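Next up, some structures in structure tokens.
The two complexes that follow have chain A in common; it is paired with chain B in the first and with chain C in the second.
And now, the complex of A and B:
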């Protein structure tokens, strides 16, 4: 019961899922879905396909350096069983996972830090460039603000007598 | 009268010629070529004699994985645009491997345990 990672998109492949390609130099390529398998057959580079983990890692969109990654690794040398150690490891796994999730969220927040300011500056620039679409230049000279004057609309109320008439049957 | 024959497919016919089939199925993978190119010169064995290959298998382009019948044809191949593109590609970053996929998924480097004593 070993969980492998897809060669293309790096997602986890559970037993009974996906497909495996063994090349004639004995190198193994595992794929989680036919989507990844087809992309591999089309000779696409995972680092250039935006929905893969490899792309996100290369372009800094995911956390790449963290000590919590060291706990999950392929161990090519079996450990002798120790009951106390196994119990401690099982106890520590949810704690490690919680820490990893918190750090990933922190990384995402840091990455998005300058987003609001950037959007605001873009909006200001758009206003400055496009104000003439809704405000004529002659009006702009008199009133050089980037806001529009409020327009008052008169609303006439219906007469009370008409509403109270019952319908004739 | 007229109409299209349901079995004759232009796309299938276009992609079934020799060059396209070879490019798709017979070429070495990028990582195999990359490993061969980065091998030090001492380990590169001379090309074995093979009567089934053109030119006894002695005129070989490693980047494109092709055999040629003599030196002149091979040197002519070295001038082609496809070969130059291939050289540029091989001088770039290392190709993608399963290790890269594992690291991107959040796994650490593999643990190979202690080094065994040499006999």
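And now, the complex of A and C:
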């Protein structure tokens, strides 16, 4: 049983699923479902369609380089059967899968590291801008709890004199 | 069929858009052409039946053949089926001449065909390899990909001549 990858979305296609299209230059395109096939017929680029694996990899949302991907590589040369080797492989598959999942979680955590702080800062900024919606201006004058401290700007005497005298033409 | 449909489309287009605007007739014609074009490009791929024109992908001398009889099935021929066809275009010094009635095996079909593993396969175009009554290919070379289902249909010679097996 060979599990193929969908050409468009890179998801695993199990036997009995999907459609394959053979172009005249003998290149085979395998699709997991009609959604991917229709997008291919519409000449859409999987790197620009947001839900595909290609987009996620290009935009740094998924891992691109990892040693666990090497195990999942397609091998066209058949391996000579060895019982011990087969046993070891079957034992290793769940371990490798576990490692890959853990690394993906770690990658996601690193990607989302500054997200909470950023959201908090945005919320504070929004509150500062729309404070009049939360508290009425009259209340704010009495209780300046939520107002920002006013910044005092020093103005030199030369600038003040320029402001007083009108410009001469 | 397509020509009749296109003419009917154009007639409808003229009757609809004629009274609307005399100032910009070009706009509507282009719009109409685009819709017709899209309709034909998105058409449903179907069986190889009478009057279907197929490409010949061997060096027998024929370029294009037109199906005149599908030898199997009620609706028409599919991938791997044998058809009787008439040669419509041919090379000047080939084995097969224009107008000759020949047998052919469909090696590529645009309509999808289910495989034994449950998946479906389809090709870019409709193509045939010309054979004699015994099923032996007339040409000595086969161009482009051919499906491995031909082995079940006992066309092993075509598979051996083919460059790519899909």
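Note that the second predicted complex is superposed on the first by the 145 of 169 C-alpha atoms of A that agree within 3 Å, B and C clash if a C-alpha of one lies under 4 Å from a C-alpha of the other, contacts with A are read in each partner's own complex, and residues count from 1 in each chain.
Note that in this section a contact is a pair of C-beta atoms (placed from the backbone, for glycine too) under 8 Å apart; a residue touches a chain by one contact, two chains touch by 3 or more.
Fair warning: this is a prediction, and the values are worked out from it, not measured in the lab.
Using the contact criterion defined above for the overlaid structures, shared-chain residue A:71 touches chain B, although it does not reach chain C. When the two structures are aligned on the shared chain, A:50 is found in touch with neither chain B nor chain C.
Chain A is touched at more residues by one of its partners, and among chain B and chain C that partner is B. Residue contacts after overlaying the shared chain place A:142 against neither chain B nor chain C. In the superposition on chain A, A:28 makes contact with both chain B and chain C.
When the two structures are aligned on the shared chain, A:19 is found in touch with chain C, with no touch to chain B. With both structures placed on the common chain, the touch criterion links A:7 to chain B but leaves chain C unconnected.
Comparing the two interfaces of chain A, the one with chain B and the one with chain C have residues 23, 28 in common.
Against chain A, in their complex, chain B makes its touches with residues 29, 31-32, 93, 95-96, 98, 100-114.
Only residues 15-24, 26, 28 of chain A touch chain C when the two sit together in their complex.
By the touch criterion given at the top, residues 5-8, 10-12, 23, 25, 27-30, 45-47, 52-54, 56-57, 62, 69-77, 100 of chain A touch chain B in their complex.
Residues 108, 112, 117-125, 144-145, 147, 163-164, 166 of chain C are the ones touching chain A in the complex.
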